[in-house]
Structures are given as structure tokens and as C-alpha cells.
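Heads up, the next two complexes both have chain A, just with different partners, chain B and then chain C.
Up next, the complex of A and B:
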């Protein structure tokens, strides 16, 4: 009797301790999220409607495709870059080269997106440092230079900023692998590429996928980079949402676009969970 | 033989260094440029004029630097006050639905956030919180919570609970055992979470963009406005100021975030 009473009190105390934090997330995130979902399906005069979505697809179907292409392409490039960096850190033969790479690759890790956007805005411009260097070294003719400040600029900025994050996770997972299979394969004369893609990558796939999904969501959330790199049309959904609000105060269509972006990440998460179930392992 | 192996290595590492530092170098050049116009490949005049303009007392930039730090400090305080008990409870308490509660703190990072910020701004507008410090601090807090709660939970999980029981056995009250034994041991982890929260608040753009307008201008918003006006000097100086703490913390974070804590994150 007394033990169940203490047990109950301990549970109550535990809940009490966690409740201020939970309440904060509830009031400042879950409630606005619900508000967003409801507004997406509410008409100007009230009542349920899909008019916002019709309008969203009418005006912004190009931007929806643009967003998907950019984010998917960036995710693939980030994945490949992270595997390459992690792979070299794990299998690299010269300790000095490995140490240099380890010191180099992390720089963009904590650099804010807004700063990344600004530095790429100057670097990738028609007369930016990159083209200037190419022209000075004779790699490009002055007339051949083009500005990369369009969809390519967004992809470059995303990959530059997010690859170190995924590479950090991937390198950590690779470092904690059992070295004996790797060494065994090496002793049998397997090429490093084969060891990387046939032994190492399959074992750390869950880590790669988690890193890529987090990056996917982050890229779907960033407003500053597309605003600064590419403000012309077509552009990304985040810019369209800000525009609907700031120019028209149109919450219906903005939230419909928001709902579409939730769906995109939802699809990605679903693919991941299904994959986890099929492999029979914990995600 | 050894030299030959270094040729491809050096080329690839050199290219990689160009990719990483090239953009940063361009920003540094802009930060110390007085005059730079086409077709000059380098700035025509170098100097500190724009630095003087940024750091002049009561200028826009000083005001936004103050705003950013002021907001970030409060966000850290609120996040720690809320997450230390939450982390302790999640690590030690008899908490029902523990996994679900941990996931709840991940929510703000698991959804594309622009639409949510729009709605927070709409709700705040009705409460008179738009364009106030309180509004911006609250928006930053909810995003910082995932770091502070998860890291605090991991930090408390990594501590052997027998230490606390020993303190209790020799007569310490639960609160005293917590403050004199458990909290000091967890401190490096808590500090790491404070750093994450501080950086995340300092760098936050989207939430401030919707909730802070028009009165609260932080460093990221100043950078954005300057860049959009084509004032690359001011934008680059602001970017440099934001970059310094980010890079600094990147190099020291491993001292705070020990492997035993890192291994417990999300468990």
C-alpha cells in the first residue's frame, strides 16, 4: 500500500519536473502547428475548403517541383560527400593527410545559414572571387564567366553547409565499427572503394539516413539562403510562404504551402521507417 | 615513391581547401574593403571605415549586437531552468511515456518550420508580442529546447546513480544531493547544451524575421537587410562577427561534450 503510494508520488514528481518544458513545446510549437493545419483547410469566410490548395497548385506548382529537385539533389550530394569524407578518415593511409582533412572539413559545421548565404552571394557572383580566380589562372575566359546565383547557388550553399554535419555523424559511426572485418578484407587484397561500399556503408546506413533526413528537414526550413541566393522565379516554397504573408496577408495559401512541405518531409520519413521495418532492424 | 603518392593527395586536399576557404576568403576581403568595383579582381582600396561605421556608439549595428546577445542570454537562462529538471526527470524519474516525451522535444526540428513561425507570429500578434523581446525570446526558446533537454538528459544518464544514493545515505536531503553531487558532475554537459542554445539563438533568422518585425533587429536581420541593399561591407562585417563564436565553439565543443555523454544522446 505504502509502496504504491510512494511509487505514485515519484511518478507525479517526475511529471511535474518535465511539465514546464513540455508545456513550452506544446504552447509554442504544437499549438501553432495545429493552427497551421486548420488554416490550410479554412476558407476566407470560414468553413472547410480545399480552395487554398487549388490556388497553391495554380500559382506555385513550378516552385513545388523546383523545391523538390533542389532538396533531393542536395541531399544526394551531401550523402556522397559525407561518405567520401568519412571513408577517407577511416581508410586513409597517410596520417598527415587524414589529419589535414579532419581539420578542414568541419569549418562550415556551425556557420549560420544566413552567413553561408552571404558569403556564397559574393563568392559565386559573376564577378565574385571564384570567377576572378578562374579568369586569373586562365581556366576561364572573361566572357565565359556566369553567375551561379540561381538553383545551382542554392544547391552549392546547402551542400557546403550541411555536408560537414552528416560527415561528422558518419565519421563517428565509422570509427566505432569493428575494425577486424575491414582489416581482414584489406589483407585479402580488397580495394579501398570496395571495402567502403561493400563493408562499411551497409553497416552505418542507419546513421547516414538519419543525418540525411535531418538535413532534408533543415533545407526545407531555411528561408535565408533562397532569399539571398535566388529571389527570382522559380524559387523555393519557403520564399513563397513569406511572400504570401508579407505581400498579401494570405494565411490560407501560405499554410497550404506549409502543409505541402510537411507532406514532403512526411514522405521521406515514411520511406525511412518502411526501410527500417523491411530490414527487420530498429530504425 | 612516397612523393608520388602525395601528388593526387595534395591536389584533392588543395581543391577541398579552396571549396571550404574560398567563400570565407571572399567574405574577409569584403569586410576590409573600402572601394571595389568591376573589373578589378581585388578591392581598389582597403581599410577600416566600415568597421568604424558598424561600431560607432548608438549605431544600428551596435544596437542589433546588443539585441542578439541580450536575447541569447535570456534564451539560455530559460532553456536551462526548464531543461535541468526535465533532463533529470527523463534520466532518473519514473516517467510514463518517456520515449514519447523525448520525441516531443524533437518536434520543432522535425517539421519544416516556416509555416509554424508564420502562425506563431499570427498568434503573438493577437497577444501584442510581435516586435517585442519577449516574443523573440519565446520563439528562440522553443527551438533551443531540443538541444538543452536532450543533452541534459544524456548528461544525467551518464552519471552513476550510486553517487547520489551515497550522499542520501549519509543524510543529505534529495535537493542537497542533487545540487552538491549530481549537478556539478553533469555541468560539462549542461555547459555544452548552453553553448548550443546560445549559438542557435544568436544565429536564428526565420523566427525573428516573422516575430521580431519591425522593432527587434538582431545581427542576422541586420546582415540580411544590408546584403539585400547591396551593402556588402556591412553584411560581411556582420557575417564575420557571427562567424567568430561559431568557429570558436566548434573547436572547443569536444571539451564539454564528452564521449560518454554523446553516447547517451537520444537513449
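Up next, the complex of A and C:
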């Protein structure tokens, strides 16, 4: 009798302890998420409708495709860059070069996206810093310069900003590998490229995938970079969402676009969770 | 411990003296909210508030900015609306500066006090915008603070005779691809203004768009006009905003583009764009807009608010503050302002855009529902 009572009290206490966290998640995440999903399917006069989605595709189908292409392309380049940096840190033979790279590569991690956007805006413009350097060193004529402030600028900024993040994870995983396999391959005469892609990368593939998935989700949500760098059309979905709300107060279509973004990130989140299950339920 | 409590008592007494001492210096606080960029807050803080405080001892003007663009005015609207719905007898805003569309919405929601006939400067206003805010009758409830106008800026070293109309501009962009730049409709109002001017020029319904009545089927007739605009966009450069257009003009990346006249002159005075850039208001016309002074229906200091607006719209203040310092066109009739200004300051404002151009080619923005239709049609048919 008493033991059940104590047990019940302990359970109540446990619930009480968990409740602040649950409440925070519920109020600040589950409720707004549910609310925005419902709004996406609600018409102007109330009632269920898919009109918001029809309008979203009618107005922004190009932007949806553009967003997917930009983010996928950036993710691939980030993966290649991170493997290259991690690989050199692990296999590099020049200690000074390794030390300099180690010190340098993390810097973009500490720069917010909006600052990165502003930096790129002055760097990549037609008469910006980069082209001015090319012109003054005689590599380019002033007439040959072009502005990179379009989709290329977004990709460059994303890759510059997110590669260090993935490289940090990848370099850590590479450093914790058992070096005997690497040494064995070296003794047998394998070149560094071959060691990197046939011995190291397969062993740390789960880490790379997780780093890239997190980057994918972060890039999907960035508003400042496409807003500052890409004045062209098409543009990314975050810009369209902000515009629907700021210009028309139209939360319906904005939330429909948000729902489409959820679907895209949902696909990669599913891969992430599967990866976690395969590793023993610890994503 | 004893010493600590002595200090505490001393501090509390000091605080109490401070609290009772403050109202002796300023019995009344006038709360001013302003939408728009930082220059709007600066205008009130640095110029208008000190002037008003010196004329009214015991009054302290507290000003806060609510952010640029229509969303800044939207915040003021929502603040007043919330206080009305909460049933408050006294609202904590005395004077606000808002855009046209929101001023109309505030009038419709019965949030505004009627004051223009109570102040002597009310009679100095002649423009139609003092009575009509994008199709809503606001006669008596608003005072224009200033008018602003969009026009085409161009590099006079490279272009000796700028296009004088949209037709000529189209030909010019065909001959000079990529040299004209504007910021679309998502990155600031100078681009929106250019698109509205295009619709006024080619839709054949400029009067209906600007004055109503609203006809939801009208937008279905815009297909050809918008596909022409889409073709036009092939020959131009997109810029990243109102300031972005000026930046690209400054760097020589484009030689022509639509800008706000006041921003243009301010940047030129600051040396941020070169003196060889000039303005041309092209035909049949491009839109501009006023900002309004309003006072809420239940402002705490209603009389003081009227006094404040009267000062702000007096010919001297309009001359010194609006025209000379901030390069805006006056809110009240220009003839009353001209006398208070040196001819040089006056001529600077009309150096490129003459008063005749302004009268014939300075248009209003379309009424609210048409304005939304135009922007949405652009998104659907030009951008996608």
C-alpha cells in the first residue's frame, strides 16, 4: 500500500520535473507549428480549402524549384569542401600548412548569416572587391567583369558559411578514427586521395550525412542571404513568405509556402532519423 | 549590516526625491510614434521635438520609430486598435506619422481624431491627398507631413537626353541592355512605383486605378501589359532595394533607375552619389506619396497634439525642416513655404523636376484593392 503511494508520488514528481520542458516545447514549437499548418489550409472567410496551395504554386512554382536546386547544389559543394578540409587536416604532411588551415577554416562559423550576406554583397558585386582585385592585377579587363550577385552569390555564401560547420564534425570524426588502417594502406603504397575516399570517408559517412542534413535544414530557413544577395527572380521561398506577410498580411499563402518547406526538410529529416535508428536509436 | 541598511535607506530616499523631482521639470509627456526609416525618428528627435519643447515649457516629447515601410504603419494601427478593443478611455499615443493605406484603414476603423479644422495651418493644405487616402475619405483627420515622389535617376555624363516617357525608356533599354535597373516589387517602394507607373501608362485605366471604383475583373485585362513588362525585364538589371539602386548607380553598374527624390538629394548632399547623376520624371507619370500626421480619437493630450501638428505644418518648419534639411516636398501648399526659404534652397528642390512636371506627372498610388491586384498580378505573370 505504502509502496504504491510512494511510487505514485515519485511519478508525479517526475511529471512535474518534466513539465517545464514539455510546456516550452508545446507552447513554442508544437502549438505554432500546428497553428501554421491549420492556417495553410484555411481560407480567407474560414473553412477548409486548398486555395492557398493553388495560389502558392501559381505564383511561386519557379521559386520552389529554385530553392530545391540551390540548397541541394550547396549541400553537395559543402560536402566536398568539408571532406577536402577534414582530409587535409588528417593526412596533410606539411605541419605549418595544417596548423594554418586548422586555425583559419572555422572563422566563418562565428559570422552570422546577415553579416555574411553583407560581406558578399560588397565582395561579389560587378565593381566589388573581388573584381577590383582581378582588374588591378591585370587578370581581367573592367569590361569583362560580371556581378555574381545572383544564384551563384547565394550558393557561394551558403558554402562559405556552412562548410566549416560540416568540416568541424567531419574533422573530429576523422581524428578519432583508428589510424592503423590508414598507416597500413600507406605502407602498402596507397596515394592520399585513395586513402581518403576508400578508407576514411566510408568509415565516417554517417557523420558527413548528418552534418549535411543539418546544413540543408539551416539553409532552407535563411532569409537574409537571398534577400540581400539575390535581387533577381526567381528567388528563395523564405523571401516569398516574408513578402506575403509584409506586403499583404496574407498568412494563408505564407503558411502554405512554409508547409511546402516542411515537406522538403521532412524528407531529409526522415533520412536523419533512419540513420539514427541504424546507429542504435541515438540520433 | 547596519551600514548596508543605511545605504539602502539613503538610496531609496534618493530615488524618491528623483521620482518626485522629475515631474517638476516636465509635467506632461507628448508621445509621438512614427513609421518609416531612421531619418523620420531623427527628424522629430533632432529638430521638431526641441523646437516644440522650447515653445512649451514643461512638455517633454517622447518619440519612437515603428520601422520602415507599410509594416511600420501597420504596427501603429494594431496598437491603437488593441487599445480601442480593450475599451480604454485614454490611449497612450498622442501623435503618429503614418502611410496612406494605413491612415485610410484607421479612419475606417474609427481610430482617428478630427483635427484639421481646429488648427490654423489646416487651411494651408491644397493637395487632394489631404482629403483622400487611396480611396478613403480622410478629410479633416490627417495633415500631410511631406510629399515624396519617385523619378528616374540617370548618369548625365553617359546619357545626354534621357527618355521622357515609358515608351522612350523601352526603346532606350533595347539599345542599352542591362543599363537600366530597378528593384522589382519585393525590395522597396521605388520598384513598386515604377511598376505602378507602367500600369498607368499601358493599362488604359489610369484614372480608375487611382480613384476607383474598384472592379475585381479589371485585373483579367492586364495580360498583354504584363507580358510586355516581362519582355522589358529581359533587357534590364535587378537591384537589391531602394538604396541598392542608388548604390549601383554610384558604382557605375547601371546608368539609370527609379529612385525616391528625397533619398536621391540627401545621398547627393552627403556625397554618396556623384553630382553627375540627375533626375527625370517620365511621362505619363510615376506615383509619389505623402506621410500623414494623425492624432488618435482618444489621445491623452489631444490639445497639445493639435498644437504639435500645427507647429510641424507651419510654413517656417516646413521650409527649414522638411525642404531644407530633409529634401522632401512640403506637405502644405508650396507657395506658403517658398517665402520662408532662400531661393537657392528652393531651387535645389526643383533643379531636375520642375513644379510643372510635378503637377502633371506626379501621380498618386492606386486605391488599396487595385494596388494589391497589381502587385499580385506582377508576381503571378511577370515573375513566375
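Operating definition for what follows: the second predicted complex is superposed on the first by the 254 of 283 C-alpha atoms of A that agree within 3 Å, B and C clash if a C-alpha of one lies under 4 Å from a C-alpha of the other, contacts with A are read in each partner's own complex, and residues count from 1 in each chain.
As a working rule, a contact is a pair of C-beta atoms (placed from the backbone, for glycine too) under 8 Å apart; a residue touches a chain by one contact, two chains touch by 3 or more.
In this text the structure is predicted, and so the values were computed from the model without any measurement.
Greater residue coverage of chain A by touch, when chain B is weighed against chain C, goes to B.
Applying the stated contact rule after C-alpha superposition, one finds that A:58 touches chain C and leaves chain B untouched. Judged by the touch definition given at the top, the superposed model places A:228 against both chain B and chain C. Once the two complexes are laid over each other on the shared chain, residue contacts for A:127 go to chain B and to chain C alike. When both complexes are overlaid on chain A, the residue A:220 reaches chain B alone and has no touch with chain C.
Once the two complexes are overlaid on the shared chain, A:203 sits clear of chain B and of chain C alike. By the touch criterion defined above, A:42 reaches neither chain B nor chain C. Contact with chain C, but none with chain B, is seen for A:248 once the two complexes are overlaid on the shared chain. Once chain A of one complex is fitted onto chain A of the other, the partner contacts of A:113 are limited to chain B, with no touch recorded for chain C. Residues 121, 127, 227-228 of chain A contact both chain B in one complex and chain C in the other. Within the complex formed with chain A, the residues of chain C that make contact are 69-71, 74, 183-184, 186-187, 238-241, 244, 251-253, 372, 375-376, 379-380, 383-384. The part of chain B that touches chain A in the complex is made up of residues 5, 9, 13, 16-17, 19-27, 29-30, 38-39, 41, 81-83, 85-86, 88-90, 93-96, 101, 104-105, 107-120, 122-123, 138-139, 141-142, 145, 149, 199, 202-203, 205-206, 209-210, 220, 223-224, 227-228, 232, 235-236, 239, 242-243, 246-247, 249-250.
Chain A makes touch with chain C in their complex at residues 58-63, 121, 125-127, 147, 149, 227-229, 231-235, 239, 243, 246-249.
Residues of chain A touching chain B in their complex: 7, 10-11, 13-15, 17-18, 20-22, 24-25, 28-33, 35-36, 39, 94, 97, 100-101, 104-123, 127-130, 132-133, 135-136, 142, 160, 214, 217-218, 220-224, 227-228, 237-238, 241-242, 245, 251, 254-255, 257-259, 261-262, 264-265, 269.
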